[in-house]
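The data blocks that follow each hold one structure.
What follows is subunit A paired twice: with subunit B in the first complex and subunit C in the second.
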Partner chain A sequence: MIKTFKTELKKIKHRHFPLLFAVLTGFLFLWLFATFRGIDDAERACGYFSVLYNFPMINTIILPLFIAVLASRIWDMEHKGNTLKLLCTLEDRKTIYLNKSILGGSFLLLFSFVECLLILAFGRIFGFVQAIPTTHIVCFFVTTSLTSLLLYFIQEILSFSFDNQIVALAVGLIGSFVGLFSLYLPRSFSQFVIWSYYSVLQTVGMNWDVNTRICTYYESPLSLGHLFVTFILFLLAAFAGKIIFERKDI
Partner chain B sequence: MNYAIQTKNLCKEYKGELRVSHLNLNIPAGCVYGFLGPNGAGKSTTMKMMLGLVKPTDGAVRILGKTLNEKNRLTILSQIGSLIESPSYYGHLSAKENLEIVADLKGASKKDIPHILETVHLTEAGSKKVKHYSLGMKQRLGIACALLGRPKLILLDEPTNGLDPAGIQEIRELICRLPKQYGMTVLVSSHLLSEIDQMATEIGIIDHGELLFENSLHVLHAHSKENLILRTSDPRKALSLLREKQISCKPCTKKTEGASESSGILRTTPLSLPMLSDSDLAGILHYLLANQVEVFRIEESKKSLEDIFLDLTGRSVCLS
Partner chain C sequence: MLKSCIKAENAKLKSSVIWILFFIVPIFPAIMGTFNYLGNLDVLKSGWYSLWTQHTLFYTDFFYAPLIAAYASYLWRMEHLNHNWNLLMTAPVSLKNLILAKFIVLFKMTALTQVWIGVLFFICGKFAGLPGMLPGKCIFWLFRGCIGSIGIIALSLLLSMVIRSFSVPIILSLFGSIASLGLVAKGAGYFWPYALMMLGMNANSADDGMMGHYATFLFSVAFFFLLFISAAVIYLKKKDVRSA
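What follows is the complex of A and B.
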């Protein structure tokens, strides 16, 4: 298993995964940097909540597309070089699927971790006076990772099922739009849109007073029901991917 | 006889249609076995079933003495190299990096990589990204992947597809060398009879999923023996005169079931005779003339492998 995973790492050489990762992280950093530039003391007092509120929204916009690109780049090299029929004579299909899932999943877990580090980094850069909300950051890490993994398994199925990656990328792009759009609709609607789960599962809410033009952030309990549903969907997507890949004609 | 591959009643059904039908192949160890058939005959499907890439609807595959099943598939396949339909490669990596990946997965020594690259004449281009290779070079890389780990058996599906004449010749020579040089058994498929004729020692002909012929190539060649074609003014009379002289001859007509031989003979029907010496032929001609049968034309005819192949398959799309 370790040996075959190492070959998976060798395969992604020259595929610019670190660059993709760096561009996304840089984009996130710049977005939030522009948002927080020139904040006042009142905003510093609830700075971490502000980041924890903004991050899920930004993730809803960019991560579905990023995950589609990630899954596509991991599987596309097998389509382009007709390598699946060679690989399937050297290792079993379950191992191929597992290795690719671990590879993509590792990138996403790493990305969630980097986002948590960015939250702390912003606290230092902008001098947040609020105490570090550890529980909220842990919740953010868990919910972001779980939602990303669910979307990754769905994108994986599309990426290995279709030689032409435009289908998988289109679904990722549409997912980004639908996810963002659903955030403007009542929760009773957005809870059925899996791409919006970065926001559905967030633990910080915001009230915007139109008259005073003041934002107040508040703690919102993690919706365990939605977390459970996400976890079940994640398991189903992972299992469905395995079954579909094992039955795929090569 | 020791067989590298045997299939027993191997069948594959797609959408209610039998693409491979009760195939019984016997591929002797240490030979180059030519698997010949027109496009769509079922060659690739059969080879994929041998590799466990496609699940047979019925029947069994026995490879290197063991019956292939889901449990032992990878153990058996570790002794097999394959190139199915088109070469497999990672375009963004070099040939060396591609071979390193295959070596890791096969558990083969990476020390063999320079030698394998030399064998397929890719030493100089070994560090170049494969996406910049020509089709011929990719094909050679595919064969290099198959050769890695010195497998006992190699399956090559149309390995010369898309190659230029020089590339085809190169691959042919390489395939012919493998049994002698490394003791490998090679199963090579093609829709080109001339190609199989130049590489194989054993041959199997498949069409519409059914095995039409399987034997040594020299047995197939024996079918193509020369004969004489005789055109006379009275074929019916000539036939009876020649048979009186104990010469086996027959009219070149398609025999209709239930009809007598003589009923199908027309004035223009030529007669087919075995090859005769000059003196015997002179005697026959003199005899026919003496009996008022004029001889218009005598020609030597050889049934080509193509003719035999066409007789067997009834298809004319696969000749070159």
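What follows is the complex of A and C.
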């Protein structure tokens, strides 16, 4: 298992995966930096909540497409080189699927962790006076990771099922779009859109007073029902991917 | 010779899955924009123009450039596979014609996408109970969006040619689109290719925000077109192809 996983790591060498993640992280940093530049003392008092409110929205826009790109890059190398046939004679199919899932999943977990570090970094850079909301940051890490992994497993199925990666990318693109738009619709609608779960599971809400133009943030309890549904879907997607790949005609 | 190249590029798109993307992606903003419009009738009182703001909201800001990038990636993917680069580079046509043919075919697809968006806008307007026909201004903004997309097409062609991955140029274009939001807000949209399409389509606004800036807009479009197409041709001339 470790040996075959090392093979996967060798395959991604010189394929600029770290660069891709560095670009994404840098982009997030610049986005938030532009948002928080010139904040006043009142905003510093709820700075962490503001970041925790903004991050899920940004993730809803970027991550579905980014996850489609990640899954596509991990699986498309086998389509391009026509190596799946060879690979399946050397390794157990279950192991191939597991290795590629662990590889992509590790990247996503690492990315969620980096986002948490970014939250803390922004606190330092902009001098937030609010106490670090550890519970909210942990919730953010768990919900972002879980939603990303669920989407990754779905994208994996598409990426290995279709030689032409346009299908997987189309789903990622539409997912980003539908996810973003559903944020502007009532929760009763957005809860059916899995791409919006970065926001559905967020633990910080915002009230916007149109007259005073002042935002106030409030803590909202983590929706355990939605978290449970996400977890079940995550397991189902992982299991379905394994079965589909094992039965796939190569 | 250019005509033959265009024919060849058109043949690659025949019965292609890219048309599914072409049909499906614009449907989502149309449906959602319409429901958003119907849900906010008390605030949105300018009829067709209010519906326009809801249809173009997000679509031009975030997703139109990735859609063009997907078209470009699809067109170049054929060359990146099955040693087709060798075939392409030994074809008795100039590099300029090869690139221009891809550009023209991509522009055609983008223009058709704009037409499709216009059709959906009209259908949704009627569904929402708006009176009369599509306003001429909206048709003009659709046309202007086509012109604005020229820079994105040229850049997407260059990126998809240089980056062998199908997906990376698409995510880069999403980053480009998002960056254009900030640049347009700062009044620097004319210096960024991804922002030109947003400005051209008068996205998320019922009033025309481009009055008095047409020369700058057209100059930017021409500049980015020449810059990226020349870069693509020079790159092909100087660099050896990687065929696999």
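Keep in mind that, in the parts below, the second predicted complex is superposed on the first by the 250 of 250 C-alpha atoms of A that agree within 3 Å, B and C clash if a C-alpha of one lies under 4 Å from a C-alpha of the other, contacts with A are read in each partner's own complex, and residues count from 1 in each chain.
Everything below uses one rule, namely that a residue touches a chain if its C-beta (ideal position, glycine included) is under 8 Å from a C-beta of that chain, and two chains touch if they have at least 3 such contacts.
Nothing here was measured: the structure is a model prediction, and the numbers come from that model.
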> Can A:Phe21 be said to touch subunit B (first), subunit C (second), both, or neither?
Replying inline: neither
>> Tell me the contact category for A:Val178 with respect to subunit B and subunit C: first, second, both or neither.
In response: second
> Of the partners subunit B and subunit C, which touch A:Cys88 in the superposed model: first, second, both, neither?
Replying inline: first
>> As a test of reading the superposition: which chain, subunit B or subunit C, is in touch with more residues of subunit A?
In response: C
>> With both complexes overlaid on chain A, does A:Arg73 touch subunit B (first), subunit C (second), both or neither?
In response: second
>> After the superposition on A, what does A:Lys6 contact: first (subunit B), second (subunit C), both or neither?
In response: first
>> Output check: A:Gln165 vs subunit B and subunit C. Expected answer is one of first, second, both, neither. What do you get?
In response: second
>> Using the superposition on chain A as set up above, list the residues of subunit A that contact both subunit B and subunit C.
In response: 80-81
> So in the complex, which bits of subunit C are touching subunit A?
Replying inline: 17-18, 20-21, 24-25, 28-29, 32, 35-36, 58-59, 62-63, 66-67, 70, 73-74, 77, 80-81, 165-168, 170-172, 174-175, 178, 182, 244
> Taking the complex as given, what residues does subunit A use to touch subunit C?
Replying inline: 20, 23-24, 27, 31, 34, 61-62, 65-66, 68-69, 72-73, 76, 80-81, 164-167, 169-170, 173-174, 176-178, 180-181, 184-185
>> Applying the document's contact rule, which stretches of subunit B touch subunit A when the two form their complex?
In response: 48, 51-54, 73-74, 77-78, 80, 82, 84-93, 97, 100-102, 104-106, 129-130, 145
> If you look only at subunit A, which of its residues touch subunit B in the complex?
Replying inline: 3-4, 6-7, 10-11, 13-15, 77, 80-92, 249-250
